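I'd like to ask some things about the structure below.
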Amino acid sequence: MKIKVINPNTTLAMTKGIEHAAKSAARPDTEILAVSPKMGPVSIESYYDEYLSIPGVLEEIKKGEDEGVDAFVIACYGDPGLNAAREVTDKPVVGIAEASVYLASMLAARFSIVTVLPRIKTMLEELIDSYGMEKRVLNIRTTPMGVLDFERDPEAGIEMLRKEGKKAVEEDHAEAILLGCAGMAEFADSLEKELGVPVIDGVVAGVKFAEAIVDLGKKTSKLKTYKYPEKKEYIGELKNFGHNEATIK
Amino acid sequence: MKIKVINPNTTLAMTKGIEHAAKSAARPDTEILAVSPKMGPVSIESYYDEYLSIPGVLEEIKKGEDEGVDAFVIACYGDPGLNAAREVTDKPVVGIAEASVYLASMLAARFSIVTVLPRIKTMLEELIDSYGMEKRVLNIRTTPMGVLDFERDPEAGIEMLRKEGKKAVEEDHAEAILLGCAGMAEFADSLEKELGVPVIDGVVAGVKFAEAIVDLGKKTSKLKTYKYPEKKEYIGELKNFGHNEATIK
Amino acid sequence: MKIKVINPNTTLAMTKGIEHAAKSAARPDTEILAVSPKMGPVSIESYYDEYLSIPGVLEEIKKGEDEGVDAFVIACYGDPGLNAAREVTDKPVVGIAEASVYLASMLAARFSIVTVLPRIKTMLEELIDSYGMEKRVLNIRTTPMGVLDFERDPEAGIEMLRKEGKKAVEEDHAEAILLGCAGMAEFADSLEKELGVPVIDGVVAGVKFAEAIVDLGKKTSKLKTYKYPEKKEYIGELKNFGHNEATIK
Amino acid sequence: MKIKVINPNTTLAMTKGIEHAAKSAARPDTEILAVSPKMGPVSIESYYDEYLSIPGVLEEIKKGEDEGVDAFVIACYGDPGLNAAREVTDKPVVGIAEASVYLASMLAARFSIVTVLPRIKTMLEELIDSYGMEKRVLNIRTTPMGVLDFERDPEAGIEMLRKEGKKAVEEDHAEAILLGCAGMAEFADSLEKELGVPVIDGVVAGVKFAEAIVDLGKKTSKLKTYKYPEKKEYIGELKNFGHNEATIK
Amino acid sequence: MKIKVINPNTTLAMTKGIEHAAKSAARPDTEILAVSPKMGPVSIESYYDEYLSIPGVLEEIKKGEDEGVDAFVIACYGDPGLNAAREVTDKPVVGIAEASVYLASMLAARFSIVTVLPRIKTMLEELIDSYGMEKRVLNIRTTPMGVLDFERDPEAGIEMLRKEGKKAVEEDHAEAILLGCAGMAEFADSLEKELGVPVIDGVVAGVKFAEAIVDLGKKTSKLKTYKYPEKKEYIGELKNFGHNEATIK
Amino acid sequence: MKIKVINPNTTLAMTKGIEHAAKSAARPDTEILAVSPKMGPVSIESYYDEYLSIPGVLEEIKKGEDEGVDAFVIACYGDPGLNAAREVTDKPVVGIAEASVYLASMLAARFSIVTVLPRIKTMLEELIDSYGMEKRVLNIRTTPMGVLDFERDPEAGIEMLRKEGKKAVEEDHAEAILLGCAGMAEFADSLEKELGVPVIDGVVAGVKFAEAIVDLGKKTSKLKTYKYPEKKEYIGELKNFGHNEATIK
C-alpha cells in the first residue's frame, strides 16, 4: 500500500526526518511518500501558521487521488486541516496528535505531552479536549525552543526533551511521554530508554494506524460531516480550490 | 470609531447585506467598513470552505492596520480564523457565533440555533463546546438550504427559518433563536415578532460588542496564546503571509 | 438611555465608587443611576450575605420599571439574584461577573480572577462553571482582605492586587486578570499598565454590554425560565414582594 | 435527637403534610419539628420565589440553635439557601433534592424527576449539575400543575404524577422516579406500587440522612466555604440578620 | 435489621477492625454481620486484586439471601463488584467510597482523599468521576504504605495519615478528609480532633446509609440495569456462579 | 508475531467465530491464538457476568507469557478486565470496545453503537465515558436479542442489526455503526454495504491495533497504574492467582 505522509510545513529537511521515521515504522510492503506542501510556512508555531498551512495540506491530499495513495498522515502535532482533509478524500486520513493520544491510551493510564513554544499550549489543550482525552493528559509541557530549533540543534533538543520528560515523570507522574512535534521523532527511542516509560512519536503512530485502517478496507464516512465539499467557485490565489473533478467526486 | 466587518466568503451581494445589518446596528459615530476577502470561496459550508476562507480573512485583518481600524468582526457563523486574527493584530476581534452565544446567554436560559446544511452540524457543535455553551444550546437545527440559497430566494429562506424557529420554540422549548449564518441577519426582526422570543443575529451582536470593547480601550492580550506570529518565511501562493512589518509588529 | 447599576450591598461609599466607574465607561448619552438597596448587608462575603442581598436587589429592579430604566447591571461579583431579576423585568439585566468573563473571552485565551476572602472561592467556582467558563479560568486567587478593606485602605488594596496579579501572570500564565469585586474598579487601569495584560473590571463591562443590548432593542425572553413570577401572596417582612401590578405584568 | 424540617414556603397546610411524611420516616426516638418561615412566599415556583424564601429559612436555622436542634432538613426541591444555612450553623443541614439524588444513586443507575411547572426545569437542571448527577438524570418532567395545586387537588395530582411517572419508565427508561416537590411526599408509596420502580420522596430521604449524620456525630466543616458569616451590619427590613451572638459564634 | 458488611479482602484481622467500626456506628437494634469472602486476595491494591475480589464478594451477597440480611455494605474503598451486587439481590447495597463522598458532600464544599499506594490513584479518580464528584475532590493523596501496613503498624499508619491529612488541609484547602481504605476506620476520630475538619470513614457512612435505606423500605430497582443476572451456565472454578435459585430469582 | 485473542466467555463456537474474524484481518505473518477461559460464563450480559469473566481472562493473559504471545486482544465489548490485564503483563493489551471507538473516530465524526440486551446500556455508557468518547457516540441501540441468540439464529441477528443500523443512520444521523458484541463480527461487511456507512467490528480493529503496537515495539507502561500486581496470598478457588513467578515479574 502507499501512504502519503504530509509534513504541513515547507521545510524539506524536516520532511526528510519525518520520512525517515515513517519508513522505519512502515511495513516492508508499505510505500511511504513524504512531502511538504508547495505553499505555506516553514514551521508551525501559532494559530496563524497552522491555518495558513492548511491550503497546502489540502492540495497534497487532492493530488494523492492521482498518485494512487491509500491513506494519508498529517504530520504536524496540531493536526492542521484534518477535518477538511476527510472531506476531500474518502481515503483514511490520520492526524499524528490524534494517533499519539489513542496509542498512548492503550499503553498508559495517564500521560504528559512535551512540545515546543509556550504559545501553543492553548492550541494543544483545545485539540486534546476535542479528542476527549483531557482526563488522561496530565500536563502539556512547553519548551523555549521553536520547531526548527530542534532541526538546527538536535543536541540542545534532546537535552530539552530529556529535562522536561524527566519532570513529566517525576512531577506529573506521567506514565508515558508524547512528543508534541513531528520533528522530534528521532529522539523517541533514546528518550524511552532513559526515562523508562513509553515515549510516543505521533508520526510512527500515524503510519501504523493508517496501515491498519487500509488493511481493514475502511474508508472515511461520506454521510454527513465528511461529505465531499459542495461544488462552488473560489477566487484569487486560492481559485484552484474551487470545484473540479479531482476535488469533488 | 471604525469597525471592519469581514464577510469571509467572496460573495459581494452577501457582504452588502451584512454591511446593511452592521450599519443599522452601529452607533452614528461608528464607521462600518464591510469587505470580502480577495481570495477564497463564494460561500462557507464545510470545513474545507472554512479553512480556505481563512487566508483571505487574515489578509483583511492585516490590511486593517493601515486602514485605521479600531476593531474587527468576522461575519461567518463558524468564526473562521478567529484565533489567528487575534494573533495578527492587537485590536479586538469578535466572531459572530461567539458574540451571539454570549448575547443570548444574557437574555435567555436555553436556546437553539437554526442554520444551513446538515453537514455543518458537527462543526457548530465543536464551536459551541469550545465556547463552553453546550448546556445552553438545546438544538442545532439545520435546513436543506445552502448559504447562497438564502440570498437567492429570501422568500424560501424566511419560510424555512420560520418553520424551524417554530419547532425550536415548540419542541426544543428554546427561549431564544440564534441565526446560524451571517446571511440571515435581515430576517431577524420579523422572525422575532412572529416567534415571540428573542431572535439573535450574530452580525449586529458582533458590531455592538466590538463598539463596547473599543469604548473600554481594551486590546487583545499579547502575553502568550495571542502573541504576534513568529517571524518566518512563507512560500508559494501564500508567500506574502511571511514576515513583514505589517504582520509582525 | 438609562442604566440602573445596583450595588447589592448597602455601603453608599462603595456605590459612589461604582457609579464613578460606570459613568466613566458609559457613553455621553447614557444616564447612570447607581443605587444601593434599602435593606441588606454592608458587604457580601459569603453565601449568607449574597442571598440576603437579593431581596434588596429585586426591590430595586422592580422600582426601575417606574424610573424609566432601560437596562440593569447587578454590580457584585457573585451576580446575586441575576436569574430572579430576569424574571421580574423584561428589560435586560447583566451581572458583572458574567460580563467580565464574556468580555475576557474575547480578549484572552486563558485568565485568572483576583478576589477577596478565601471563603468565597467555592462560590466563584460554581458561578464560573454555570457560565461554562471553567476551562478558561486558570485560577481564582483570593486575598486576606474583605470587601470593605479595599474601600478603607485603597493603598493596601492596590498593593494586594498587584501582588496577586503578578503571580497570576507569572505562575498561572494568565493572559488577562479579572477583578473579582465591584469595589476594585478604580484599580483596573493602573494595574493593566503594570501587569501588561488586560485587567478587566466587571462594572464597566456590564455597563457597556447593557448599552449594547439596549441599542439592539433586545429584551429578556419571557417564554419559560424567565417568565414573570407567578402571582401569589407573601407574608412577614417580605410581604411587599407578593403580587402587585409592578411586579407581575 | 431533634430534627427541624423547614418548609421554605409559608403554606402551613403543606408544612403539615411534610411533617406527616417526616414523622412517618423518622425513628421513634427522633423528634420532628416542622415549621414554615415567618416571612416569604406561599409557594416556590421561580427563582424569585426561591431567593425570597431564603431569609425566612435562614431565620429558622438560626432559631434552631436555641431550640436544641441536632440537624436541619430544608424541604423544598430547589434546596433554597442550603449553602448559607451551612454557614449559619455547624449542625448538619440536608437539602431534599440533594438527599433524593444521592439516595436514588444507591438504588438505580439512571432516573427521572417529575416536578411542577415547566419554568423550573432550568433551575433543577442547574441544581442537578451542581450535585454532579447530570449523567444519572435522564429527564426532568414538568407538569402544568403548580405547587399548591397538588395540595388543593390531590386527585388530579396523583393522576398527573402517575401519567408522567409512567412516561418516565416507558419512554425515558427511568429506573427510579424522584418526586420534585416536597408536597408530593404523600403520593410516593402508591406510585411506587403502580410503577414498579423506586419512587423517591426527598423529605423522607432528607430526614433519614440527617439522622445518620447526627448518629455519626458529624458536623459541617467550618474551615473555609462554610465558615460562620463575617460579622457585619445589615439594614432595613433585614437588619436582624446582622451580627449577633446567635448567628456569629 | 441485619446488615452484612463484606470486607472484600480475606484478611480476617482487618475484617475484625471493620466489624468493630461498623458496630460502633450501628444503632442498637442493628445486627452487624461482618465477613470476608472465602476466596480472593489478602488485600486490594491494584485492578488485579480488585477484580479478583469480586467473585468472593458476590458469593457473600448471594449467601445473604439465606441469612436474612436486609442490606449490604461493601467495605473496600474501590467499591468492588458494587454494580454486580445490585444485580444479584434486591436488597440495598452500599459501597463505602460512594457513601463517603455523598456524606462528605453534605458536610463540606471541597475535600481530599487520603489513601494507600500511588498505583491506585487512577482507580480512585475513575471511581470519583463515575460518582460525579470530580469537582468536589481536590486531591487524592497516596502514601507509601500498603493496605496491610496499616494493620501491621498502626502507629506508622496514623502518623502517615496525620501528615497527609495536614497537607490536605494546608495545601489543598480540603474542608474534609476522606479515608480511602476500609482499614483506616479506627483512626478517624483522633484525626478529626487533630485536623479540625470532618474526617470521614466510609465504613460507618455505609452502615448508616444502609440503615436509612432499610428504614425507608427501599430496594434496588430491578427494571433494567440492575435486573437479576440472566440465567446461564458457568464453567470451571466459577461453575457455582451459574444459574440456581439463590442467584436468579 | 503472535496475538492472543481472548473471548472472555466460555462458548467455544463463538470463539471460533471470533478466531475467524481475527484471522481474516490479521496479516499473513501474524499468528492468531483464539481462546476461551477455562472458567466463567457462557455469555456476558450483565455486570455479574462481566466481573465473573475476568478471572478466566486474567488466567489466559498470564498463560500468554509462556506461549510467546506478543500482544493480547480482549474480545468482548465491555473490555472486561482490561486494566488488570495491563498490570499482569507488559505486552500490549487491547480491548475491542476501546479499539472500535478509536478506529471509528478516525473515520466518522459521530456514530452509534448497536448491541445486545437493554440492560447493558448503562455499562456501555460508563465505558464510553471512560474513553472520553461521549460526545461522539450519538446513541447506544440495544436489541431484544442476547449474545448467544446471535450465534443460534444469525438470520434473525443480521435482520435485527439491519433494522437498528438503519434507524441509527436515519434517526441518529450516525456516520458509522459500531457493533457492540464480539459475536457480530461476521455481519459487518454485508451491513456496511447495505447501510452505506462504515460498520466497525471491534475484533478486527483490536487485532490491527495490536499488530501496530507490536510493530512499534511498544509495551505497557509499568511506572504506576499498570505496575505488576503486588505480591500477596490468595485463598480459596482463586488461590492460584496469588504471587508466583509467572504473574509477578
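By letter and in written order, the chains are A, B, C, D, E and F; residue numbering begins at 1 in each of them.
The working rule: a residue touches a chain if its C-beta (ideal position, glycine included) is under 8 Å from a C-beta of that chain, and two chains touch if they have at least 3 such contacts.
Please read these numbers as outputs of a predicted model, since none were measured by experiment.
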*Which chains does chain A share as contact partners with chain F?*
B, E
*Provide the labels of all chains in contact with chain B and in contact with chain D.*
C, F
*Calculate how many whole Å lie between the centre of chain A and the centre of chain B, each centre taken as the average of the chain's C-alpha atoms.*
29
*Calculate how many whole Å lie between the centre of chain A and the centre of chain C, each centre taken as the average of the chain's C-alpha atoms.*
44
_Going by the contact rule already set, what residues in chain A reach two or more other chains?_
83, 109-110, 118, 121-122, 129, 135, 173, 224-225
*What topology does the chain touch graph have (line, ring, star, complete, other)?*
other
*Among all the chains shown, which pairs meet the touch rule set out at the top?*
A-B, A-C, A-E, A-F, B-C, B-D, B-F, C-D, C-E, D-E, D-F, E-F
*Residues on chain A engaged by chain E in the complex (per definition of touch)*: 109-110, 135, 173
_Touching residues (chain side chain F, partner chain D) in the complex_ = 118, 121-122, 125, 129
_chain D residues touching chain C - in the complex, by the definition given at the top_ = 10, 37-43, 45-52, 54-56, 58, 81, 83-84, 86-88, 117-119, 121-123, 126, 129-130, 146, 224-225, 227, 229-230, 232-239, 241-242
_Please output the residues of chain F touching chain A within their complex, sorted ascending._
25, 27, 83, 92-94, 98, 102-103, 105-110, 131-136, 169, 173, 175-176, 196-198, 200, 204-205, 208-209, 211-213, 215-216, 218-221, 223-226
